[in-house]
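Multiple structures are listed underneath, in structure tokens.
Both of the next two complexes hold chain A, though its partner changes from chain B to chain C.
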Partner chain A sequence: MTALAGLRAAADGREGALRAGIARGREVVGLPVPLAPPPEIVEAAGAIPFRLLAAGDADAELRALAALGRDACGTCRGLLGAAMVAHPPVTCLAAGTACDRMRRMLEAFGSTGLPVFTVAVPRVRGISGQRKALAQELRLFAGELSVRTGVPATPERLAAAIRRGNAARRILREADGLRRLVPPRATGTEYFDLVRAHGLLPVEDFLALAAAVPGELAAREPPSPDPVRVLLTGPTLLDGRRDALAILEAGGRAVAVADVTDSGTLASGEDVPEDGDPFLGLATHLLAHPVLAAPLRPSRAFRERFAGTLRASGAEGVLFRGVPFCRPFNSEVPALRLLSTVPFLEIREEGAAASGQTRTRIEAFVEMLLARRLSGGPP
Partner chain B sequence: MSSPVRIDATEWQRRFLDLAPETRREPRYLRHLGEREWAHYLKPPSSYLPYGFRRLRRMRFDGDVRALRLFSFAMEETERLFRAKQEGLPVVALMGDYGAVAPLLGAFPGVVTFYPDFCYFTPFLAESDVLLDRAERLGIGEDTCYVRAAAGAFAARANWPDPDLVVVSTGASCDDLAATAQAAHDLGHPTLFLDIPCRKDPAPWLRVTRFEPADGRPPVEAGLVDRLVAQYREFLARAGEVLGQRSDEVALAASVSRARRMRRTIREIRGHLASAPAAPLPAYEAMLAEFAATHGFGDPDECEAVLAGVRDLVAERAAAGVGVLPPDAARVVWATPPPDPLLFTLLEDAGGRVAGSEYLIASALTLPPDEPDPVVAVARAFLAGSLLGSSAARAKSVVAEVRRANAEGVVISNLFGSSHCGAETPVIRRAVEEECGLPVLSFDVPRPAPGGVASQVKNRVEAFVEALTQRRRTCGRP
Partner chain C sequence: MISVGIDIGSTTTKAVLLREGAGTAHVLTRTGNLPGQTAREVYGRLLSENSLVESDVDVVATTGYGRRLADFGDVVMTEIKACVAGVRNSGLPPAVRNVIDVGGQDTKVIAFEEDGEIRDFSMNDKCAAGTGRFLEMLAGKLELPYEEFVRVAAEADQEIQMNSTCAVFAESEVVGLLARNVSKANLSAAAHDSIAFRVASMVRRVRHEGEICFVGGGAANTALVRAVEEHLGEKVRVPPRFQMVVALGAAVEGLRTLAKHRGKEGC
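== the complex of A and B ==
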């Protein structure tokens, strides 16, 4: 078994292990967005962070309709629906108020009986004092969680968790870099498998199992000699919506060489500063994060990240996979289109599973990019 | 006092000719500029038909000249903005805050403010999709609430002059407005962004650790006021740089005092609307009076006089026990402002009456407390905002409004695509049904159509009023 296969298997079996942990009295904190609040705080408070994934299942989303309305975004519906139907192995939930729908979804989570910690995150870039205010908000969260677990989230414990978190980020960044090589040494699917495992496994397990993955990927033959290089963007590529990625990379004709999504680069990002006040360090990291910038106004930083990634990745096409009613991302599409120097495909579809129409569009997009290459278009 | 009556635009045109010339010429806006022929704004509703506001032909209005003055004052805002610009006054667009930034900008005498957000009503008044289509071309399509019309208007450059500054308050608020404001920013307008803090109302699922004493207002997390005050102070400095003026502390204090007076007047009007045996003002004019609290329609001095007239009118009618609708009209609380004002006419024609409301502008209706620092007073009032907190908190305020207005039912006009309506409506419905035992009608307001309100909505509103009347017979209310 390869290291990546071992990692996948560990991630798949994680729920059972967590349920056993809960039975032994462990606190498991469900995190719909793994950045706010940071998992490092959860660990420092003696609890287990667990990335909540949207259901990816139409029935579960339907269950959430009554609470959120039929015009709620698929991500929020999927997350709430999953909690209502599948009862994830968590004892409480914590999330940031990254957008209005997310804020209201957290409130609706109350109906599941789970305690919810709401962490207010800034929505505007560049307001004086917001770093300190966010650090204070994170301290409050740490304090409340510590009361629940009985383990104080001391600065020392938090600093240690940050060091482990940065080590995990380095692995993710290394794997991310492999898919950008010519030819790519890793596929988008493999990178997102790593990201998924990073969200589901305790950081120690992830470090132990994932450390060998980049080396293993780099040492093998490239999965495809000359695939079309595509940049992915949009909100929810990880959450039950991997279908678009699977269709894109089927047959090795294309590879998602980079992404600007809230699930791919969101997990890697830059290191959290390891010196000074750890809460301030985490606040700095959050505010500087390029993908959290999608709901942060004005949107300049997010767009710059998109344009920079597009240039650096040598992508020949852009695939935006969105969901209706995801306002922060959907409203960025016209600007991203303008910034895009290569063909841009926008797919906005309800539900988790790609329809035949979506499959046809993605396949035609790849065909078009291949034809463009043959006809002498920019490589 | 003439007999209260609701009349249509044609009848107002006829009656307008009978008004004394001095009555017609007395209302003037931007009085501080001196006598200007264009500043006389009192006009009958039919005057706005050539502007394309076709809906006015189907609506009914209060037949008193004091109510007409309010209507004209609101409708003339576009004209007033262009005139202000022509006179060299700075014009500032405000988005998303509702009642906080306009009083603060009083620190810069001469600044004229407006809310592009209220363009939300324009596609319906004009029975036209033009602004919505224009917004769609900017990427803000049908999955966004009607506030997107503002993005279309920014692009069209016809609904208001190019503002000298756009002030966007976003954060714990509507995401649709944030996207709309970003589109305005992308068009190149100088923009300052403010971050609206999230108010963690005390509830088991929104855990907080500390709260301040509230003095009757909703409790807020400690630290929020300080952070908002710091943000406002920084904003005033940056706005001063853009406008080329220094913030005048005396003018700021006077502006906040004026906002307090204006809100007090509006609260008196709302008090009469809730308690008078017969509706002393139609719902549309009542909504305009409430919205005046946000920014005084860009001319707060004149607005004070307009509102005082309306207050006197409703007080006289309430004292005389007369109103514009029959005394047995079914009393409802209306939640979320309907972008289509014809819905009010429809409700009133069907035998209903809006006795209370929650139009998402609680921040503008809250009195800034008496504080030595006017910025602190503005921040404290703003934190009572309708959308800053939880859906449960908003439901609580609707329930309080139901009790205040002794209502028999609640109407919620939803906006499809809005980031908050879908989640709020079930919570409000449950709270009203469980705590008050009253029926709730909720519906999505359909796109504007030339033929009037969609028959499905019309049927539902009429059936709801019928059900309330029937219920009164069986339950003995009110």
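== the complex of A and C ==
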């Protein structure tokens, strides 16, 4: 079994292990993707962080519909629906808020009977004193969680958790770099498998299982012919909404060499500062690398990130995979189109599974990019 | 070399047989509930009508929404790619660089370069309101055979605006308009105008320099073609075998793929 296959298997079997942990009295904190407080704090407070993933099926989303209403985006509905249908192995939830619909989702989460901790993540950047205010917010969360677990989240414990978290980020960045090579040595699917395992497994397990993955990927024969390079953007690609990625990379004709999504590189980012006050370090990191693109406000910051990633990745096309009602992301599409120096395909589809039309669009997009490359036409 | 292109659409399945240097033959039938099986039947019919057996065929290329449901295809491609190849081999002038394809399930607009490279494309969303199905549905609501529904659009004497952007709401709107004694001719014209407006918007979004052609089942609808021309303010070309264009393109691309493959083997 390859290291990546082992990692996938461990991530798939994680729920069973967590249920056993809960039976032994462990506290498991569910962190709704894409916006959640830093898992380092959860670890420092002696609890187990566990990323909740949105359901990939329509039934779960329908259940959540009653609680959230039609104007909530599919990501929120998928997250709540997963909790309502699958009863994840968690004893409480900790989440950040970025948009009004997300706030409503957290209230609805409370109706499942689980205690919910919320952390207010500022939506606008650059306001004086917000770093200290966010650090204080994180301190409060750590204190509340420590009361629940009986394990104080001391600065020492937090600093150690940050060091482990940074080691995991380095693995993700290494894998991210591999997909940007020409020809790419890793696919977007492989990268997102790593991201998924990073969210589901305890950091020690992730480090033990994932350390060999980048080397293993790099040692493979590079793909031939060189696949077309596509930048992915849109709210999230981590869970049930990986359909667009799967269609894009099917047959090895295209690779998602980079992404500007809530659940991709944005989630890993650079290291958390390891010196000084750890809460301030986490606040600094969260503000510089928000887990959610929506809080990259003013929009200029988000657009600069998109343009910079597009340039650095050498992508030949951009695929935006949106969901209806995700206003923070959808409102950026016209600007992203203008910024895009390469063909831009927008897919905006409700529901977990891609329709035949979505498949046709993405496949035609790949055909178009391949033909452009062959003809040496404009990028 | 002999190539067969099969376009498995939501409403009809089309097959074109292309003999290098010896013209084409074609077959069309309704797709029904089993697209893969229908494609197989159409293929068989095309071969028997042309006194051929499967081993005579060098390449089979499938396209259309059911392209992966036919398990006997050698080459699979999207209808976007096949459509452009078909248009470029339909005897239209080279100035044509944009194509409108109104099918039963969706509508596409594709802009392409002189060499056939696709420049941009647009497909309507999962919505019947921009497709041939919308017109069929309204014809049924007006209790008119489809051909009659198309014909009476030319007899409209009053401009009626359909406000609904959804096929379901449009149906309700038609019921209301009928209750107000609006004539079937005026309603038919309004329905055609509504689709033409959507198609013209798609064209404006992606269009390239050059002329526009209209293919697919929707091209048989003269009222729709006329309404699109009015919205765009220019003439739209309709090739002689407008419904076969995508299948023809698949056959052409199939041959091209085969030639490329054999060229590589030769090296």
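The rule is simple: the second predicted complex is superposed on the first by the 366 of 379 C-alpha atoms of A that agree within 3 Å, B and C clash if a C-alpha of one lies under 4 Å from a C-alpha of the other, contacts with A are read in each partner's own complex, and residues count from 1 in each chain.
Definition applied: contacts are C-beta pairs under 8 Å (C-beta built on N, C-alpha and C of every residue); 3 or more make two chains touch, one makes a residue touch a chain.
From a predicted model like this one, the values you see are computed outputs, not experimental measurements.
Once chain A is used to superpose the two complexes, chain B occupies space next to chain C without a clash. Residue contacts after overlaying the shared chain place A:Gly356 against chain C, while chain B stays out of touching range.
When the two complexes are superposed, the chain touching more residues of chain A, out of chain B and chain C, is B. Once chain A of one complex is fitted onto chain A of the other, the partner contacts of A:Met105 are limited to chain B, with no touch recorded for chain C. Shared-chain residue A:Ala364: touches chain C; no touch with chain B.
Of the two partner chains placed by the overlay, neither chain B nor chain C lies in contact with A:Thr341.
By the touch criterion stated above, A:Arg372 is placed in contact with chain C alone, chain B being left untouched. Once the two complexes are laid on top of each other via chain A, the angle at chain A between chain B and chain C, using C-alpha centres, comes to 80°, given in steps of 10.
Contacts of A:Thr2 after superposition: neither chain B nor chain C is touched.
Of all Cα pairs spanning chain B and chain C in the superposition, the closest are 9 Å apart. No residue of chain A touches both chain B in one complex and chain C in the other. Remark: chain C residues 65, 77-81, 106, 113, 115, 117-118, 120-121, 123, 125-126 touch chain A in the complex.
Every residue of chain A that touches chain C in the complex is listed here, in rising order: 343, 348-349, 355-357, 360-361, 363-364, 367-368, 371-372, 375, 377. Across the complex, chain B meets chain A through its residues 138-140, 143-144, 168, 170-176, 178-179, 181-183, 185-186, 191, 193-198, 200, 203-209, 223, 227, 230-231, 234, 387, 390-392, 416-427. Chain contact summary for the complex, chain A toward chain B: residues 66-72, 97, 99-101, 103-110, 115-118, 120, 122-130, 133, 136, 140, 143-144, 295, 297-299, 324-325, 327-328, 330-335.
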